[in-house]
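Have a look at the structure below before the remarks.
Should a chain be cited, it is by its letter among A, B and C, assigned in written order, with residues numbered from 1 in that chain.
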Amino acid sequence: MGYTFYFDVPIRSLPFLLKGTITTLQISAVASSCGLLIAIGGATARMSKNKIVYSLATAYVEVIRNTPLLVQLYFLYFGLPSLGLNFDANTTAMVGLSISAGGYLTEIVRAGIEAIHKTQIEAALSLGMSNVQVFLFVKLPQAIRKVLFPIGNQFIMTVLASAIAAMISAEELTHKAMILESRTFRSLEIFTVTIFIYFALSQALYALLRLIGRLYLKRKYEFVKTLPPSL
Amino acid sequence: MVEWVSSFTAKDLIFLLKAMMITLQLFGSALGLGLIVGFFAGIMRTYPRSVVVRKLASFYIEFFRSTPIMLQVIVFYFGISLFGLELSRGVVAAAGLSLYAGAYLGEILRAGIESVDRRQWQAAASLGMSYPQIMRGVILPQVVKICIPPSINFLVSLAKATSLVSVLGYIELTRAGRLIVERTYQPFLVWGIVMAIYFLICYPITIGGRRLEMRFQRKEVR
Amino acid sequence: MAEMVRIEKVHKYFGKLHVLRDVSLKVEKSSVVTIIGPSGSGKSTLLRCINYLEKIDSGEIWVDGKLVDPKVSNIRALRQEIGFVFQSFNLFPHLTAMNNVALALRKVKRLSRAQALEMAEDSLARVGLDDKLDSYPDELSGGQQQRVAIARSLAMTPKLMLLDEITSALDPELIAEVLNVIQRVATEGMTMVIVTHEMGFAKEIASQIAFMCSGDILEMAPPKELLAQPQTKECEKFVKAVLQ
C-alpha cells in the first residue's frame, strides 16, 4: 500500500464543506415541510371514499416508493426546462425531494390518523362535542403523538437522501465535496471526511429528535429506529 | 454546426433493457453478498459473550444506516484502490452495496433474534446446549420466518439503491438513461421509460411483501 | 311524561341484516333497565341508537320528551344530557384523568378553567379516584379507567346514563369496583339503561330486565319474575345457561 494520506486538505476546507452542510439542511427542511403539506392532502385522499381521488393518491405514493430518487431528480432536472421552467439546481432539488418526501409522509400521516380508535371519537361525540372539537382535541393531539417520531425520522432520511442531489448540481455538502475533489484529487480523504460529517449530523439529529420526543410527550419513550429508509 | 441530437430509437430501448439486466445482476450480487455480511453482522450484534464484538457490529450497522448510500459507494470505491486490487467496477459496485445491505439485513436479523422469548434461551441452556447449538437448533429456525417480511421490504430499497452506482460511471439502468437523454434530448420519454422499468421491478416485490405480511399476521392470530 | 326514554317500533338494518326488529321500550325516570341477551341480539346497537351514534331506519326514539332526530332536535345538546360509557378505549390516552373529565366541561359546557377543574376533582372523588387526578390512562388499571369514564360522564350532570357492557373487557377482580360505583349512582336516582353480561349485578340493580334476542325485546319484567319464570323459550334457555 503505497499511499500517503493527506487529511489536511479536507480539514482545511471544512468551512467550505460547512457551507454545503447548511445548504443541505436548508434543502432538507424546505423539502420536509412541503412534503408534509403534500402528505396532509395525500393522506386525506388515501382515506377518501371517492375512487378517483383515492386512486390518484395511491398511484402517487406507489410511484414514489417504487422508483429511485436519483431517477426522479433526473426526471425533473432534465424535464422541467423543456416545459419552460428553468429553476436553479437547488430549487429543482427541493421540488424533487419534496415530492419524494411527500410520498413517504403520506403513508405516515395516514397511519397516524387511522390508528385512532373509533371509540375515542364516539366517546367525544357522546359528551356533546362538535366534529370540529373532536378533531382539535381528540384526533389531532393523538395523531401528532403517533407521527412525531416517524416524521422526524423521515426528515433525517431526507437529509441523507439530499446527497443524491449532488448529481443534479445542487450546492449541498456532497456537491461541495465533489468540487473539492476535482480541485485537489484527494478523493479518499475528502469523501471520508464528508461521510463522517453526515454521520455526525444524523446522530445529532436523532439525539435532538429523542429530546423533542421526551419533552413533548412528557414521558420516557424508547425510540426504535424504523425501517425502511427512503431513497 | 452539426446537431448531435438523434431521435430515440428501438436501439435505445434495447440498450435500456440490457442495462436493466445489469441492474438486476448488480441487485442479485449485492443481495447475495449482503445476506452473508448481514448474517454475520446480526449474529455479532447479538453475541452474548463479548461486548467488543457487539459494539463493533453495532457501529458498523449504525454507520451504514446513518450515512448516504451514494457516499458509501464512493468511499468504498476509492478505498478499494488503496489495496491495489484491480477489480472491475461492477464488482466494486456490488461489494459497496453489499455493505449497505449487510447493515440493514443485520439489523433485521438482530430484531428477529431479540424477539425470541428469553425463556427459550433459558430452556435450551438448561438442557445443556451450547450457544452455537441453541442458535442453530432453536433460535435461527424461528428467526428466519420472522425476518422474511421486513427483508422483502428492504429488497425494494436495495433495487433502488443500485441506481446510485451510476455515480461511479458504472453503466446500469440509470446511467444508461442519462447517456440516452443527453443524446436524444427527450427527458420525459427516456426517464419515463426508466422509471417504468424500475417500477416493474420494484412494485411486484412491494405487493408480494404485503401479501406475505398479511398471511403472516393471519397465522399468528390462529 | 314520566318516561325518560321511549323507544317505539324501531327498525334498523346493517345492509341486509335486520338488526333491530320492531323494538319498543319504555324507561321510567329514575329506574334502571338492564338489557340482557345472547351476542349479536342487537343490545349494543339499540343503546347506541338512543344517543344517535347509530341511525334508526324507522320508528321513533324519545329522550326526556325530545325526539332523537337531527331534523327535530339538537343532537349535540341532547348528548350533553346523556352519559355514555363504552366497553373499552373509553378514555383519551393523551390526557390525564383530570383532564379527561374536564375537557368536555370546558369545551362543551364552556365552564371556566377553575370551575371545570373543581368539578372534575369532585367527580373523580365520587368514584374514589381523587388520588389519581394526574395519572394517564395507561397508568391506570382497567377498573380505574372505567371509573374515570363514569366520572367523565357524570360530571356533565346527565339525566340518563347508557352503559354498554362496561365490565366485559375487565379482569374479574376489577369488575366489583366498577359495579359498586354504578350501584351508588343508581341509588342516587339516575335513570340508567345498562347492557351487561353480569347476571348477578343485573338482578340486584335493575327495576326491570329486558331480554333481547335476534333484534327484538322478547320479554321485559322485574328481575325476580323474569329470572324465575321466563315466558319465552329463548329467554328460558338463556337464563338457564347463564345462571349455571
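Just so it is clear, contacts are C-beta pairs under 8 Å (C-beta built on N, C-alpha and C of every residue); 3 or more make two chains touch, one makes a residue touch a chain.
Since this is a predicted model, take the numbers as computed values, not measurements.
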{"item": "By mean Cα position, the chain sitting nearest the middle", "value": "A"}
{"item": "Chain of greatest Cα-centre distance to subunit B", "value": "C"}
{"item": "CA centroid of subunit A to CA centroid of subunit C, Å", "value": "47"}
{"item": "Chain centre separation (subunit A, subunit B; CA means) in Å", "value": "21"}
{"item": "Whole-Å separation of chain centres (CA-atom averages), subunit B against subunit C", "value": "55"}
{"item": "Residues of subunit B touching at least two other chains", "value": "none"}
{"item": "For the subunit B and subunit A complex, residues of the former touching the latter", "value": "63, 65-72, 74-75, 78-79, 82-84, 104, 107-108, 150, 153-154, 156-157, 160-164, 166-167, 174, 177-178, 181, 185, 187-188, 191-192, 194-195, 198-199, 202-203, 206"}
{"item": "Subunit A-touching residues of subunit C, taken from the complex the two chains share", "value": "51, 53, 76-77, 79-80, 82-84, 86-94, 103-104, 107-108, 136, 149, 152-153, 156"}
{"item": "Residue ranges of subunit A in contact with subunit B within the complex", "value": "1, 3, 62-63, 65-72, 74-75, 78-79, 82, 156, 160-164, 166-167, 174, 187-188, 191-192, 194-195, 198-199, 202-203, 206, 225, 227-229, 231"}
{"item": "Residues on subunit A engaged by subunit C in the complex (per definition of touch)", "value": "117, 119-120, 122-130, 133, 137-138, 141-142, 145, 219"}
